[in-house]
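Chain lettering (A, B, C and D) follows the sequence in which the chains are written, and residue indices restart at 1 in each chain.
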Amino acid sequence: MPFEPRDPNFDAKVRDSFAAQSMMTTLGASITELTPGRVVIAYERLENFCQQHGFMHAGVATTIVDSACGYAALSLAPAGHDVLTAEFKVNFLAPSSGERFIAIGQVIRPGRTLTVCEGEVRQIDDGANRLVAKMQATMMTGEMGS
Amino acid sequence: MPFEPRDPNFDAKVRDSFAAQSMMTTLGASITELTPGRVVIAYERLENFCQQHGFMHAGVATTIVDSACGYAALSLAPAGHDVLTAEFKVNFLAPSSGERFIAIGQVIRPGRTLTVCEGEVRQIDDGANRLVAKMQATMMTGEMGS
Amino acid sequence: MPFEPRDPNFDAKVRDSFAAQSMMTTLGASITELTPGRVVIAYERLENFCQQHGFMHAGVATTIVDSACGYAALSLAPAGHDVLTAEFKVNFLAPSSGERFIAIGQVIRPGRTLTVCEGEVRQIDDGANRLVAKMQATMMTGEMGS
Amino acid sequence: MPFEPRDPNFDAKVRDSFAAQSMMTTLGASITELTPGRVVIAYERLENFCQQHGFMHAGVATTIVDSACGYAALSLAPAGHDVLTAEFKVNFLAPSSGERFIAIGQVIRPGRTLTVCEGEVRQIDDGANRLVAKMQATMMTGEMGS
């Protein structure tokens, strides 16, 4: 689905906001793809962010795919507008074993107030490309500072 | 809702699993209440786990309330059984400003295979007791190692 | 939670809209409680609205609790505003056997644009008062005709 | 995604169960596509199943897409097993105006106990093919009568 960005400066706006999220820096996460309505974030498993069996914590999977969806929505927002997560739902489909993951956020319906996105977390270790979590999210767009 | 635990050792089982989650240690989170079917986790905002405006990241709120719900479910599981998050949905009701938060996980329907929980994240700075996020979650119980 | 209605005419507004939903009439559903931020709807199982084992269809349970939540939100909306369901999530906790049900819709956080509600479907046959489904919903308020 | 059915008799099993749902008959809904892991259901707007503006009720959209997802899961279940909806989440993306709709249910991860599906409701009046609702659902498989 190709979308038309409403802010020609969308790429810098998304990257600046991402850089300002201390959470993303702490996780060592990075944006690897950014087009209007679609954002991909890469994450490598950190020892200090695991659940009781040493797998990536479900909360970390959620954090990166929430950011991917939020920035996918922000890439389509007008200039001077910000995006907040209104709600999301995540299904965990397989244990998040492995080391390397990507989170894909994709707008499926942009709106003036609400933008609906779907997201995926995939394990991408050598040869693998396995869906481990699936998100459906509602993002809310509003004027900055309002 | 008072529930009868099926494992008399439920308290130690939950605390041991919590202690084994490097994510909880990294966040400095701690269990402040643990009764059959109910777990409360405390968290103080860390500078390195914020979104772009310096508020607690939505992913962190989700992480602690997911753990609270998961351990609420585990407190009712039979001995030798583990709990995994099958899915959850979270609504974010207010910006997570403030410093001190609790996440409350409460079983609303225990089951042999699936246990349904509801969770809340509340900001509890001096005088405040404000609902910032609400979760509805499905936890899956299975034999360990299966 | 006591809420202050913004439209003094909220009771008539909700009942008029409910009466205009042909779906509610077809189901024989009726409002049995209506206070600001809370609506209860009663439904008796109809033979023609069942799943393959003769139980109330999950879609019917969802329909009545969606209406209960939507009207709970509408009861707090300003005059001249309407409410649409943005999204909801429902867990089904027990088979919907039995004949008589109520759906309870309760606002947990009213907002100018988004109102978050929780809902329950309960079986209330003689002596029973059993939770069969639990909803968490986001309702969107807007000016009528916009 | 091509899936291998575990019950060679899956087609008849799904159609028999569908025929036994009085709700589907009442709605005049029919299966228009059935392959392992994927079911499409057609529905034409009925005057008696609308919301207050005469559009298809959100509960009806949910009912048909829940059935599409449930039968997509059932098409992959072993012989002698049944499927129940554990939970679902639906986003409503556009007003359900129009007359003709299809609901598409697609398995995204089949499992021994839980099967995760995604669903869509699309308006398909002349020339139109418009997404009006999106579901993410968890179906539970169990032995019949258990």
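Just so we're on the same page, a contact is a pair of C-beta atoms (placed from the backbone, for glycine too) under 8 Å apart; a residue touches a chain by one contact, two chains touch by 3 or more.
For clarity, every value in this text was computed on a predicted model and none was experimentally measured.
**Student:** Given that chain C and chain D are copies of one sequence and touch, is their interface built from the same residue numbers on both sides (over half shared) or different ones?
**Tutor:** Same-residue interface.
**Student:** How much rotation, in degrees rounded to the nearest 5, is required to superimpose chain B onto chain C on the basis of Cα coordinates?
**Tutor:** Here the rotation carrying chain B onto chain C measures out at 180 degrees.
**Student:** Does A-C or A-B have more contacting C-beta pairs?
**Tutor:** A-B
**Student:** Hey, how far is the Cα centre of chain B from the one of chain C, in Å?
**Tutor:** 28
**Student:** How big is the gap, in whole Å, between where the Cα atoms of chain A centre and where those of chain B centre?
**Tutor:** Computed value for the inter-centroid distance: 22 Å.
**Student:** I'd like the Å distance between the centres of chain A and chain C, where a centre is the mean of that chain's Cα atoms.
**Tutor:** 33
**Student:** Which positions in chain A are in touch with at least two other chains?
**Tutor:** In chain A, the residues touching two or more other chains are 86-87, 89, 91, 116, 138.
**Student:** Under the stated contact criterion, what part of chain C meets chain A in this complex?
**Tutor:** Residues 86-87, 89, 113-114, 116, 138, 140.
**Student:** Along chain B, where are the residues that touch chain C in the complex?
**Tutor:** Result: residues 89, 91, 93-94, 108-109, 116, 118, 131, 134, 136, 138 of chain B touch chain C.
**Student:** Please name which positions on chain A make contact with chain B in the complex.
**Tutor:** For chain A paired with chain B, touching residues are 17-18, 20-23, 25-26, 47-52, 57-60, 62-64, 66-67, 84-92, 95.
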